[in-house]
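Okay, structure first, notes after.
Just so it is clear, A, B and C label the chains in written order, and each chain counts residues from 1 on its own.
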Amino acid sequence: MWSWELFWDSFSALLPGLWITFAATVCGALLAYVLGLVFALIRQVRVPVLSQITFGLVEFIRSTPLLVQIFFFYWVVQPWMGVQWSAFWSGTIALGLHYACYTSEVYRAGIDAVPKGQWEASTALSLPRRRTWTGVILPQAIPRVLPALGNYTISMFKETPLLLAIGVIDIVGAAKDFGADHYSVEEAYTMAGIFFLVLSFPSSILVRRLERRFVKH
Amino acid sequence: MLDNFGYFWEVVLKGLPYTVYATLGGIAITIVLSVIAGLALLSGSRTVRFISRIYVEGFRGTSELVQLFWIALALPILIGFQLVPLWAGILVLGLNHGAYGAEVVRGAVQSVPKAQVEGAVALNFTPAQRMRRVILPQAFIETLPPFNNLFIQLLKSTALLALVSVPEMTKQAEELRPIFGGQVGVIYLIILVLYFALSVVITFVMRLLERAAARRLGRRPVKHDTLSDPLAGMPVGGSALGGKP
Amino acid sequence: MSSIDATEEPEVGAEATDDSANVMIQFDGVVKQFGDNVVLRELDFSVSPGEFVTLIGPSGSGKTTILRLLMTLEKVNGGTIQVDGEYLSHMYRGDKLVPADEKHLTKVRKRIGMVFQQFNLFPNMNVLQNITEAPIRVLGLPKSDAEERAKDLLDMVGLGEKVTAHPTQLSGGQQQRVAIARALAMRPDVLLLDEVTSALDPELVAGVLNVLKEIASTTDITFLCVTHEMGFAKDVSDRVLMFDQGQIIEDASPDKLFTEPEHERTREFLHAVIDRA
């Protein structure tokens, strides 16, 4: 049943999917980094109302399945907003939004880890609030959160295949198509698994290096 | 718009038992595998450690959807035996989250202060007694917040079973979508709220356990301000592949 | 001006606002509590321009709270604080006195500087950037002027060579001297010293105290200092205030307070501190 020929053939068939997976991970991650910081700041600065809404949204999104959110974004939010993005962009934004709810907590922990004395010294020097954030607090908080952001990026990479549910042809989507074309699915799915394994390993080693460099125990 | 609400509710609720079965089944397998693989990671035997490592890194390093497709679609062809999709799904949920749980158990056991182990040695406990009577009761409470997260992740992952035709909630919603295109928002909102409610239930149960465990150790229960703690159990150093959020 | 008998302390109190030229810091009935714990109860005192006033007393007696109130790191629960005749804790809205808002605080706190027990240097900036940050961002000084000012100050605190060093590369004593330079770079009228040597290894204390003595004798900055270094307090202070349970129980010149304290609690406290040293 197992065909080595199909197995090797599936390699090149999956490559275009790999780029889609990469693109979705990178774009989704950038969105998650930025949006997560915005969420964290809204909560830290305690913007009235907005802060509570953000808290509720973050809790809700974090407690419900990404797959349903991807559907919801594609089939409901998009038409409602009157826009027509491609499945790729719609799914990537849903992915980024989902993970922003995790990164916001990461930023929050990083900001909380900056000693209170740094705020007090900034007050004693009369530094404006904005400058205290951009010049003192965030430059100290962000290096601390890089390893955690890295870990979430790897998680995102492994969740991008969910985009195939709205028709994005990523690695797994490509494996599915390949399987359907050749009436044999096991080779391509195995190859897809190997793709993930081979790519996850070096990135997680990189994250561990980051950890050692930035998180002092 | 709300004319069909009752009908949607009825259809979606038909999927709820499958979601619950998958969650509970997955949690059961997760607990068993976490403990076995987690303790195996700390084993004195290099072979045992190695095998456990392969399992943990293999499942944490690949995409859950790939694992699901592989076990539900590819494996039956290779072994010539067709698993019921729900069972295949439960197996994948358990295997995947068990790999993350193994790191949780390992970390919790290692977090027990060394003096406790030395105290047990001084009392001439056997290694098995040490583990059962001294280390595990203390490690147990440490595992609860990360396991709370892990179980919520597992609940969320049950939605993937829709992609291998398990008639759980998300699948039910997908069945309705082509027919009620314009009202699909209501359908999704119903299942999102149901998922959220199930998360709340998981957190509630885990917090009860945590409080009970804290009482047994004579500690004060920890205060939580969020439903899950996305940083609890985040691997910081020592573990290989990224964290399950 | 009323004539003041040289042997008597000038009276501090309600009408001191009238001759603000002679008062830099004025506390009127200040109350501060944290929960049920009353730290300051109806505290009245004043400090003249250029005066070096040291606050001593057992821990928890409210000394540090006074500095933190002046630095606007805490808010009063009652009473008022004025700095150079201007309300710090409050402001006028129309002719009604209301608690100060952030905008008012931002304006008045510029005249006050503070040096902390834990230095609180910015670890993401080098020594020079630590000192120039506020002059550039707050006073709007051109970068070159701010750097020149910073380098002069670093020379004064004996760290002229450490311009590009990173705070983590410095000893505690060096870090504290940078923190002093950083506070001085804002040219404050009032400088608050909060147990600035408490976190230092014993051999590094003298270096920091010498720098402070030098500054106290060469500038007309008003100092308010909380310290356990009694020798330093005796050398440099114009006046020493003994605190106990949120109130001043003795207010005298260092010569008098350290040699013949009037109050029993002061005597006990000095004994305890000196025995320990």
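Operating definition for what follows: contacts are C-beta pairs under 8 Å (C-beta built on N, C-alpha and C of every residue); 3 or more make two chains touch, one makes a residue touch a chain.
None of these values were measured; they are calculated from a predicted model.
If the chains shown are joined wherever they touch, the resulting network is a simple chain of contacts running from one end to the other without closing. Among the chains, the centre nearest to the mean of all shown protein C-alpha atoms is found for A. Which two chains touch most often is answered by the contact tally, and the pair is A-B.
With centres defined as mean CA coordinates, subunit C is found 55 Å away from subunit B.
For the pair subunit A and subunit C, the distance between C-alpha centroids works out to 48 Å.
Per-chain Cα centroids separate subunit A from subunit B by 20 Å. Under the contact definition stated at the top, not a single residue of subunit C touches 2 or more other chains. The touching residues of subunit A, counted against subunit C in their complex, run 115, 117-118, 120-121, 123-128, 131, 135-136, 139-140. In the complex of the two chains, the subunit A residues touching subunit B come out as 1-2, 59-60, 62-69, 71-72, 75-76, 80, 99, 101-102, 105-106, 109, 147-148, 150-155, 158-162, 164-165, 172, 175-176, 179, 184-186, 189-190, 192-193, 196-197, 200-201, 203-205, 207-208, 211-212, 215, 217. Interface of subunit C with subunit A (complex): residues 71-73, 106, 109-110, 112-114, 116, 118, 120-124, 133-134, 137-138, 182-183, 186.
Interface residues of subunit B facing subunit A in the complex, by the touch rule stated above, are 57-58, 60-67, 69-70, 73-75, 77-78, 152, 155-160, 162-163, 170, 173-174, 177, 184-185, 188, 191-192, 195-196, 199-200, 226-231, 234-237, 240-245.
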